[in-house]
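The structure is given below, and queries will be raised subsequently.
For reference, chains read A, B, C, D and E in written order, and residue numbers begin at 1 within each chain.
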Amino acid sequence: MTIADSIALILLLAGCAFYLAGTIGLLRFPDVYCRLHALAKADNTGLCLICVGLAILSADWQVAAILALVWLVGLLAATVSAHLIARHAHSAGRVPARSGPSRR
Amino acid sequence: MIGLALDLLIIVSLIGLAIQSINAASLFRGILHFVVLGLAMSLAWARLDAPDLAMAEAAIGAGVTGALMMIAYRRLIEIQPDQESSLRPPPSRLAVPIALAAGALVGVIGLAAIQAEPMPALAGTAVLENLGSTGLGNPITGVLLLFRGFDTLLEITVLLAALLSAQAVTRQVDLDQSLTTQDPDTPLVGALLAIVVPLTVLVSVHLLKAGGQETGGAFQAGAVLAACGVLLVLTGRLGASRQYSPLVNTGLLVGLLSFILIGLAPLLWGQPLLALPGLWAIYWIESAMMISIALTLVLLFAGAGSLKRRDHG
Amino acid sequence: MDSATLYVLAAAVLFGIGVHGLIVSAHLMRKLFAINIMGSSIFILLVATATPISGQADPIPQALVLTGIVIAVSATAFGLALMVRMSQETGKATLAVEDEPENDD
Amino acid sequence: MTTEALALIVFLPLLAAAGAVVLPTAWLGLSIRVGLMPLPLLLLIPTLEVLENGAYRIALAGHSAPLGIAWQLDPLSLLMLWLNVGMTLLISLHANCSFRPGQPHAHRFWPLWLLLFAGMNALLLSADLFNIYVTLELVTLTAIGLIALEGKPPALRAAMRYLLLALLASLLYLLGVGLIYGQTGVLDLYLLAERLAPGWLSVTAIALMIVGLLIKAAIFPLHAWLPAAHGNAPGPVSAILSAMVVKVSIYLIWRLWFWGVPEWDLDRAALLLGVLGGMAIVYGSLAALVQQRLKLIIAYSTVAQLGYLLLLFPLASTLAFQAASYHLLSHGMAKAAMFLAAANILRSLGTDRLRHLAGIDQRLPLDVFALALGGVSIMGLPPSGGFLAKWLFLEAAWSARAWSWLILIALGGLLAAAYLFRVLAVVCLHPRRRGNHRHLKRTPDTASLAAMLLAVGAIIAGFTSAPILDLVEAGLPPGLPR
Amino acid sequence: MMDQLMFWTPLLTVIVSALTGIVIFVAGERHALLRIILNLAAAIAKLLLVVMIGLLVRNGFTPEFRVSLVPGLDLVLRADALSMLFASLSAVLWLVTTVYAIAYLERSPNRARFFGFFSLCVAATMGISMAGNLLTFFIFYELLTLTTWPLVVHNGTATAIRAGGTYLRYTLSGGALFLVGLVWLYGISGPQAFVAGGTLADHAVDARLSLQIIFVLLTIGMGVKAALFPLHGWLPKAMVAPAPVSALLHAVAVVKAGAFGLIRLVEDVYGADLVADLGLDLPLLLIAAFTILYGSVQALRQVDLKKRLAFSTVSQVSYIILGIAIGGPVATVGGIVHLVHQGLMKIILFFCAGIFANLLGVKRIDQLDGIGRRMPWTSTSFTVGALGMIGLPPVAGFVSKWYLGAGAVEAGRTWVVAILVTSSVLNAAYFLPVLKRIWLHPPPDQWPHEARVSRLETGSLVGSAIVAAVLSLGVGLLAGHPLSPLNWVDSIVAGYFP
């Protein structure tokens, strides 16, 4: 296993970890806004890490470019859809859940 | 070993998703699970050494079907928000035994088919042998367009028939404005479209071109293009219309018509029926089919007879 | 146990789930899920049991399944349209008939 | 010439359907004519070819069988093609009244109608098991679209049930095709005979295909979808569905059985199919006896009459083949006539409930007459095509010393008489109140004419059987006993 | 030219009536005059045709029309002596009945349907008489069922519909058995052309049981229409039909078709010898004898005039079957000639019953008191018919009964004579009281339902009855004339017993 491979492996594992975190957030968070928060941020980071990991593994500029494109498109889609969903929820009158002891 | 673990993972999720899509508490969740099931299927195809199917499943099976189900669901809840509580489930005492028996039958058949002595797959072998002379690299495209082109011709006819049948049963009175989002347009959507639409067109053309040599083809490309159209419908750029539009209708049929006419033409110079006269014909037909498939799917989604441009924002 | 066998077994289970769903579901959308699941299981079966030709996958079953997928989508799309129309006419998206004898016109 | 003609027989209706979609409404009439009218003339060319040289085979795209798809036209498929073309044309004459271009559903009806027609022609020509699957789907989807066309709730429900069952049936068929490909490496029906050895897997494959086709053919006890679908569809659609569409499924079973696996020892399966057929005859007839609507009676009659087509399996002789083919032909014409006549009555009265039909023969004599003539053929009374079919069936049963089938066939005719005369008796009843039918709408003459032509055809079939029977005999698989 | 004539004429006799029926359907309800003219013209044309063919047959020709339905299965229409007997009876009576029916149905609805099927019914009867083989016979036999049903239900009342249902249940079930027997016989011996003496003798050894069963099946099939006990149930119920239909059903078309078929079956398919050899003659004889007595006893118990006549028919038709079942030339002559004689006599009776019912509303026997003074011509005709039925000379009935009795003695079945005598006594017992009421009782003050009808109408009705009466007197009186039915039958039977 070369150094590049190990770096790639670490990146991939890290990416998976981010995905895991995002998914747990999706399942556990109390309302739409929090879930979006978890998804949009954690998953995109995870995607980024995985793409970079794969690019290193492939060691090919062309593939790396396509992977970059994949990441960009994913980012774009996530951004816009998160925005739209939040916006729709807001205009539909969903109030963010206020749980925990911070506010009564 | 890892492969086998991956297979197991895919299979477990397939089964779990299938159960969930049928038994989920709400219909909406059922649809979600069904769409994800399509994605899992696509992974399964990849594992089964069928990249073309994986792509088709992702684009058509999961993507298009999912979108169609979502929009149908939306129309349903407009009529009756509570879809299921009033329904009485059919009597089902025998359901479990029947299901078990059916599953067991399929399992036994499948296992026997795997264990059966490998027969020389004559047709498949012939395809691989003859592929070289055609200039195509993807044997599946070869089968679909050259060797068994008539299947494909009829297949797009089936798609057309489904569209016509669907249009026949779609009530024309309440052709909806309601498809589009009620939210006021945001600049973000415009920005997204400005990037995504050219990109999807590019991708579908790439898929089309790739289909000749490697994974891809008219159906996958058409589905991707259809996704672009669905996006345009959803964001209000394209609207359902009742008016007859020669452009839309021509687009709808260009695939079938090209295929038929190019297929009939060889008869004029003594060649066999449907013997496509060269690679250009394949690419021409595939492009035309892509357009037709995309339009058909978009029309199915919009539940409309035709489309028109809408000025928006 | 190789992966083809695994997928064959998966197909069997999926088929059973589909059959069960087709029988017990009242809502038409779920019946359509069930039919599609059954279809997918058959498709898996056909591809998984195909014999490779000198190391390469047999293109014929895959081409057939590709055609099958498109046809399944076509039929599903039409089924959905039919379901929506039924629901518009009767208020419900189900086949379960409560008080309507077949003889009605 | 023959290849070109056959190509046009499939593609002309397809192109016409495309034309009906893409061209403006004003051109619809032209598309219809182009798609339908030249067909009988075109069909003459392959007919001459087949009569002269026997079966005709085309390798599509020039790739012969294991690699490509073939069309095969033999005497039997030629007969079926003629039936399909002839009946579609006559029924179109009727459809042109109820769906005249410009009327509400016309622009939806005709493209589907033409696609159905093209699909049927392609199906009858195809020699490839998977290609047949695709054509079956085309036929089914267009048929269901046509059933649901007018959007009445019973029709929609029937269409939905039909769709679900048809999809299920297609899956079974497809599974069978896949297994057969795995067993033989070929998909061509006519290559199976030498390649498909009887083992339990191949038997299962054939059985799956047959069960799928039996569902599509609405054979008892898989018939549940048919009466509602045929009873609630628009008239011309019911007519073509009952006359041709359900029957091609049985025709395909014949093909599988006698051409696909002729060497297999299938006596028990044949007996089972025969028993199913017998149960269909009895059940369908009894169910028809208690219906209150004319179209439902006719639809249940179809369930019953389809049963006869299965008697071919246990009898399995040249005579039985001739009988079954002739039954297919004469029942097709008679049933189409009856459905068209019923559609005219329904259109005039606004209902087809039996109790409203009293005295209707004075107002709609031609339609009632068509109904009665069709009924005579269905009952198998002379002189009619139905009688000759019944005679041949009885003769076949006698030659096989199959007394139970003989009794069943004789009984079937009586049951048919029972449910059909029930209708005619109501028609002959004097209306209780005068002016019962004051609000009668006039039926267009061509609509009645189409029904009458088909009915007369069913009767004339009782006199000119020899060419058709010879054709059937010429097309039989070798080795069938007399 | 001559060949063409020989080929087409038998078909033409069928076509004339069938075409008339179709034209009447097409013309519809409104063209009453056209219908009348057409009906009469066709009836006359047909009579002439039959006379012409009769002359041809007399001169030794056998016109034959043949067309193949299924390879090996021909539709054959052939005029032989027996055909011509039945054909001329039908042609004559059709003409008379047409005149009668036109007047009878003057004001009723649905006349187009009635006369259309009436003509088709006659076409079927012609086909039956000309049928050259058993299959052809069967085809027209079933056609007859089909075309008489609309006539039976013509009134459109619930009772009529029910009677029609009964009629169909009997005849179609019989037809189904007939068909089974036919196929079976076809399987054994091929197409059964009607040949004097039969064609089956060769098969009597190896297929004896089959032949016996087939004979039973075919006899049931024909016995239904011939109203043999216990298959007669439909006949009295069918009395709801209008009088011309009853006349036609009972005198000519339906019951005679059955009896005619039995003659063909016994004499021309099996042959009298084979029937005797198979041991089938005695059962047939017993059934016929029982039916004769049973019908008479039942007739005695009816108060409705038409019902009494119906049971009388049940009884009388069995004379024909009795004749052929006895065997031997003399009895056979008696049976076959009764086909004609009974037809003539029965049609008088039904005509008269119809006139009584239609003009005066008289339907029951106790209402007949003194009707002889009100309607002397009709009553006289009725009397002629009734006396003939009893078998008094010189009316036609006497001739046939005489032959039957003589034949029974000749064949050594003396007990049949006792049956004949008993039957005649019973006949007298149910007809003489009617005659007594007609002529000797005083008329009531008012008839149940007196109709106002035109003179022409009354004239046509009564005229038809008188013509029929004259005819039946004539064939009785002129029984010795070379052209009489009796001599005609003699020559037919000479073919059976060379």
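The working rule: a residue touches a chain if its C-beta (ideal position, glycine included) is under 8 Å from a C-beta of that chain, and two chains touch if they have at least 3 such contacts.
Worth saying up front: this structure is predicted, and the values here are computed from it rather than measured.
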Chains in simultaneous contact with chain B and chain E:
D
Chains in simultaneous contact with chain A and chain E:
none
Hypothetically without chain B, remaining chains sort into A | C, D, E
Centrality ranking, top chain (CA atoms only):
D
Interface ranked first by C-beta contact pairs
B-C
If chain centres are mean C-alpha positions, then the most distant from chain E is chain A
Between chain D and chain E, the Cα-mean centres are separated in Å by 43
For chain B paired with chain C, centre-to-centre distance based on mean C-alpha positions, whole Å:
14
Separation of chain A from chain C, taking each centre as the mean of its C-alpha atoms, in whole Å
33
Averaged-CA centre spacing for the pair chain D and chain C, given as whole angstrom
27
Which positions in chain D are in touch with at least two other chains?
130, 134, 137, 141, 144-145, 148, 151, 156, 159, 175, 179, 181-182, 187
What parts of chain B, by residue number, touch at least two of the other chains?
106, 109, 113, 119, 121, 123-125, 127, 148, 151, 155, 158, 161-162, 165-167, 169, 171
Could you pull out the residues of chain C that touch at least 2 other chains?
42, 45, 49-51, 60-61, 67, 71-72, 74-75, 78, 82-83, 85
What are all the touching pairs of chains?
A-B, B-C, B-D, C-D, D-E
As the complex stands, chain B meets chain D at residues 106, 109, 112-113, 116, 119-127, 130, 146-151, 154-155, 157-158, 160-162, 164-169, 171, 244, 246, 249-250, 252-253, 256-257, 260, 263-264, 267, 271-276
Show which residues of chain A lie in contact with chain B when the two form their complex.
73, 76-77, 79-80, 83-84, 87-88, 91
Quick one: which bits of chain D touch chain B in the complex? Just the residue numbers, please.
3-4, 7, 11, 14-15, 18, 21-22, 24-25, 58-63, 66-69, 105, 108-109, 111-112, 115, 118-119, 122, 128, 130-131, 134-135, 137-138, 141-142, 144-146, 148-149, 151, 156, 159, 175, 179, 181-187, 200-201, 204
If you look only at chain C, which of its residues touch chain B in the complex?
1, 3-21, 23-27, 29-30, 32-34, 36-37, 40-45, 47-51, 53, 56-63, 65-67, 69-78, 80-85, 87-88, 91-94, 96, 98
Taking the complex as given, what residues does chain C use to touch chain D?
22, 28, 31, 35, 38-39, 42, 45-46, 49-51, 60-61, 64, 67-68, 71-72, 74-75, 78-79, 82-83, 85-86, 89-90, 95, 97, 100, 102-105
